[in-house]
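The same chain A turns up in both complexes below, where it pairs with chain B and then with chain C.
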Partner chain A sequence: MTNPILSVKDLSVRFGAATVVDDVSFAVAPGESFGLVGESGSGKSTILRTIMGLNQDWSGEILVDGQPAASDSRRKFARRVQMVFQDPYASLHPRHLIGKAIAEPMRIHGMDNADARALDLLDLIGLGRNFAYRYPHELSGGQRQRVAIARALSLSPKLLLLDEPTSALDVSVQAEILNLLNTLRKELNLTFVIVSHNLAVVSYMCDRLMVMQNARMVENVTRAQLRNGELKADYTRDFVAASRL
Partner chain B sequence: MTGALAEIRNLRIAFPTENGGWHQAVRGVSFSLGREKLGIVGESGSGKSLSGRALLGVLPDYARVEADVLSFDGIDLLRASRGERRKLRGSRLGMVLQDPKFSLNPVMTAGAQIMEAVRIGNRRISSAEAKKATLAILESLHIRDPELVFDRYPHELSGGMGQRIMIAMMVVREPDLLIADEPTSALDVTVQMQVLSILDELVTRRQMGLIFISHDLQLVSRFCDRIIVMYAGQIVETLNAKELGAAQHPYTKGLLACLPTIDGPLSPLPTLQRDAAWMDTL
Partner chain C sequence: MSATQTVASAGSARWKQIVSFCRRFARNPLGMFGLFILVALLFCAAFAEIIAPYDPYLPNLTARLTAPGAEFLLGSDELGRDILSRVIYGSRLTLLIVGLVILTSAPIGLLIGVVSGTYGGWLDAFFMRVTDVFLAVPKLLLALAFVAALGPGIVNAAIAITLTAWPPYARMARAEALAVRNSDYVNAVRLAGASEFHIILYHIIPMCMSSVIVRMTLDMAGIILTAAGLGFIGLGAQPPMPEWGAMISTGRKFIFDQWWVATVPGFAIFIVSLGFNLLGDAVRDLLDPHLKARS
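And then the complex of A and B:
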């Protein structure tokens, strides 16, 4: 890949004595949607968190837009990469109004019209600006996840890391959120890295995916290979078989 | 149905609202259950968990529960005293909850929690025997090293293992009816299949009745004999699990259609178009 927007090389992450990510490498092209798949505990979320700088003890190389993630100031980095977390019930401040939650990153970055832009973002993600004056507890899970997406988009990043974005939601709501994410990716030219244990979601959302097991990379496949069953590793085949049932 | 294990007729559950009124969360649910696997599916807020909990009698005191019939094995649960109902819960009715992280006692070892369940059922049992029963049930749940797991605390166990501990606590008393509320939604697909096959084995071997509450239609249709689909506190459709594809109600069809599949098209997913008429299908 010539100019990947995200390149991870020989990444290892340790929690004390345990190695939770072991020598993982992958690269994501601009505009691509890349999936990380595996059982819980396989290290896929840890990779996202490490990219975001939420884990300290790691080795290897993480480049975003060709620049080492660690060399960037946190602030500059936040404008390029943002993350959406799994549980929309835990990721929003319960006592901040929705409008404030979305405007906060922009305020931290000293941007003008943070509040006005927050309202625009609420329109963009399909909730409407009236939601600015509500609290998280007044919103359903799907509505909250939309807010989390709006907040992640507030600094206009190019790369969005999505950690199980729909696994806490009803299937009917999942469909709406996945459609929204796809629309946003097209309109805003975003790159996605999506972590999920749901192979159907990844096959629907991602052009390419990496399968992980026990902290290690098992196999990299394209969507076409996944769908045609062109899989090399036994583990991947088992995983696909269990998901197809 | 005669000889039904559990019978619910016209169950209504309401919660007080801020303005002094009542919010009807369950609106006239009726079904009877034999020694079979019954699935209840629906979105969050459809009343599926509440219906299961009403049977157990574990709804909060401020909830208003009314029914024409609410019975378990011929026992009228509406007339039963608190003590009688507690006794039923301890022995003949069991419930497995969704998330082992929140449902197990974090400061007790897995073994101690299962032993506690054993000893509540039989207070005269010696602790050596209770431990033996605990190890036996762990083994029957396909845990490879029961002795090791016995001494582990919940935070030292994976989700799948924790879920099996919860199942062990419930089935060690050999209940006649097990209510499993999203027992596998916190688990990975591979572990999910394991846990389901364990449940299936137990239900078949011990001739239990099982109510399986889930939002996952596909999963329920593979696992259960019969499916009840709930929407906004009512049953919209009852299906033979094998005939999920022949579902008639637009809500059931909508739920099925909005699932992405591994081989499915990449066009936008159909979303559920809710029809106000579904609110009063009955």
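And then the complex of A and C:
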């Protein structure tokens, strides 16, 4: 890959004595949608949090647009990469109005018309402007996740990290959110890194994916390989078989 | 969810929350009773000149220690001053002390607790050890020592009580900050590039406010009692100020023959403390996040 938007090399993350990510490398091309798959505890979410700077004790190299992530100021970095959290019930401040929550990153960056842009974003994610003056507890899980996506998009980042974006949602709502994400990716020319334990989600969303087990990378697969069952590692085969049950 | 009408502005969204809070509060009769006592206290303090039948300071030596009756509704004290008027004027002093203590101790404790909870590390260790030291000293003793050092008086009494009242707020705010600081919604603004100052001010303090408000209303009764205690031993308000604790103290000499001199201000303290306790309980039922989670 010549100019990856995100490149992770030899990343290891430790929580005290435990190594939760062990020597993982991957690269994501601009415009691509890349999946990280594995059972719970395999370290996939930790990779995202480490890229975002939420874990301190790590070694290796993380490059965003060819620059080390840690070298940027937090604000500059925020404009290039944003993250959507797994649980939409935990990722919105319970005392903040929806419009305020979406406008807040723009306020922090001193952008003009933060409130007007927040309304536009509400339209973009398909909720509509009148949601701006509601509190999170008045919204369903799917609506909250849309708000979280709008907030992540408010700084117009090119790279969006999605940590299990649908696993906390009803099956009926999952598809809506995934379709919304796909549409947004096309419209806004975004790059996705999606973490999931759900192979169906990842194979629907991602061009390429990496399978992880026990903190280690097991295999890199393309969508076509996954669908045709051209898998090298035993673990991947087991994982695919288990998710077909 | 569909029951919520569309709201057109941030102001009306907030207004809707306030209205729903008031409605839930009104359903609690004891809380309403507490609120009634508080309003009555505020009313007495605001219109003391109009309500009080006599001047609270003017002695009337011919009418010393008159029993409650037509002339003095609740009797008169050893200088012939009307006790009812003194109790009414005393509400101002009570409110002044409560207000001073609450307005200083709650913000100080909140700030210390939130900062140490959010930053952690040595800052946390330092602030919490200081808090531990203050919590280890008996409340009244510390207040006594402080008043003894600064000299008696109402403001000094308030400062002394503040000195003993802030540590519980710091503890509480720290616990809330610890729970919130690594939550997803705080991480989300952190990822947006927010400074820790911004996070503390807009995200962590609002989450601590309900516990702080609950603690404040429940604390007020204790503050009134401590202030009365300081007044009683002569370290709070000084004569001739009509402070309730000091009034009980002078009434002590006549307690067997002229019971009303000490009893009336005692009842005032009792009723107002009860009112604040009832109000605090009701507010806690509505605001306490832990009680909310249980129901």
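To be clear about the criterion, the second predicted complex is superposed on the first by the 245 of 245 C-alpha atoms of A that agree within 3 Å, B and C clash if a C-alpha of one lies under 4 Å from a C-alpha of the other, contacts with A are read in each partner's own complex, and residues count from 1 in each chain.
In the analysis below, a contact is a pair of C-beta atoms (placed from the backbone, for glycine too) under 8 Å apart; a residue touches a chain by one contact, two chains touch by 3 or more.
A quick note: this is a predicted structure, and the numbers were derived from the prediction, not measured.
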(message) With the two structures overlaid on chain A, would chain B and chain C clash, or do they fit side by side?
(response) fit
(request) Give one of first, second, both or neither to describe whether A:54 is in contact with chain B, with chain C, with both, or with none. (result) second
(message) If we overlay the two complexes on their shared chain A, which of chain B and chain C does A:111 touch? Say first, second, both or neither.
(response) neither
(message) For the overlaid complexes, name the partner, chain B or chain C, with more touching residues on chain A.
(response) C
(request) Based on the superposed arrangement, let me know which partner A:176 touches: chain B (first), chain C (second), both, or neither? (result) first
(request) Classify the contacts of A:233 with the two partner chains as first (chain B alone), second (chain C alone), both, or neither. (result) neither
(message) One more residue to check, A:27. First (chain B), second (chain C), both or neither?
(response) neither
(message) To make sure I follow: the centres are taken over C-alpha atoms, the vertex is chain A, the ends are chain B and chain C. What is that angle to the nearest 10 degrees?
(response) 70
(message) Going by the contact rule set out at the top, does A:95 touch chain B (first), chain C (second), both, or neither?
(response) second
(request) May I ask you to decide whether A:63 touches chain B, chain C, both, or neither, giving the answer as first, second, both or neither? (result) neither
(request) Compute the least Cα distance separating chain B from chain C in the superposition and give it as a whole number of Å. (result) 8
(message) Touching residues of chain A toward chain B in the complex: what are they?
(response) 39-41, 141, 170-176, 178-179, 182-183, 197-201, 203-205, 226-227, 238-240, 242-245
(message) Residue numbers of chain B touching chain A in their complex, please.
(response) 43-44, 158-159, 187-193, 215-217, 222, 254-255, 258-264, 266, 268-272
(request) Flag every residue of chain C that touches chain A in the complex, lowest number first. (result) 1, 4, 6-10, 12-13, 17, 183-194, 198, 202-203, 206-207
(message) Per the contact definition, I'd like the list of chain A residues that touch chain C in the complex.
(response) 52-54, 73-79, 82-83, 85-87, 90-95, 97, 99-100, 104-105, 108-109, 130, 133-135, 138-140, 148, 151-152, 154-155
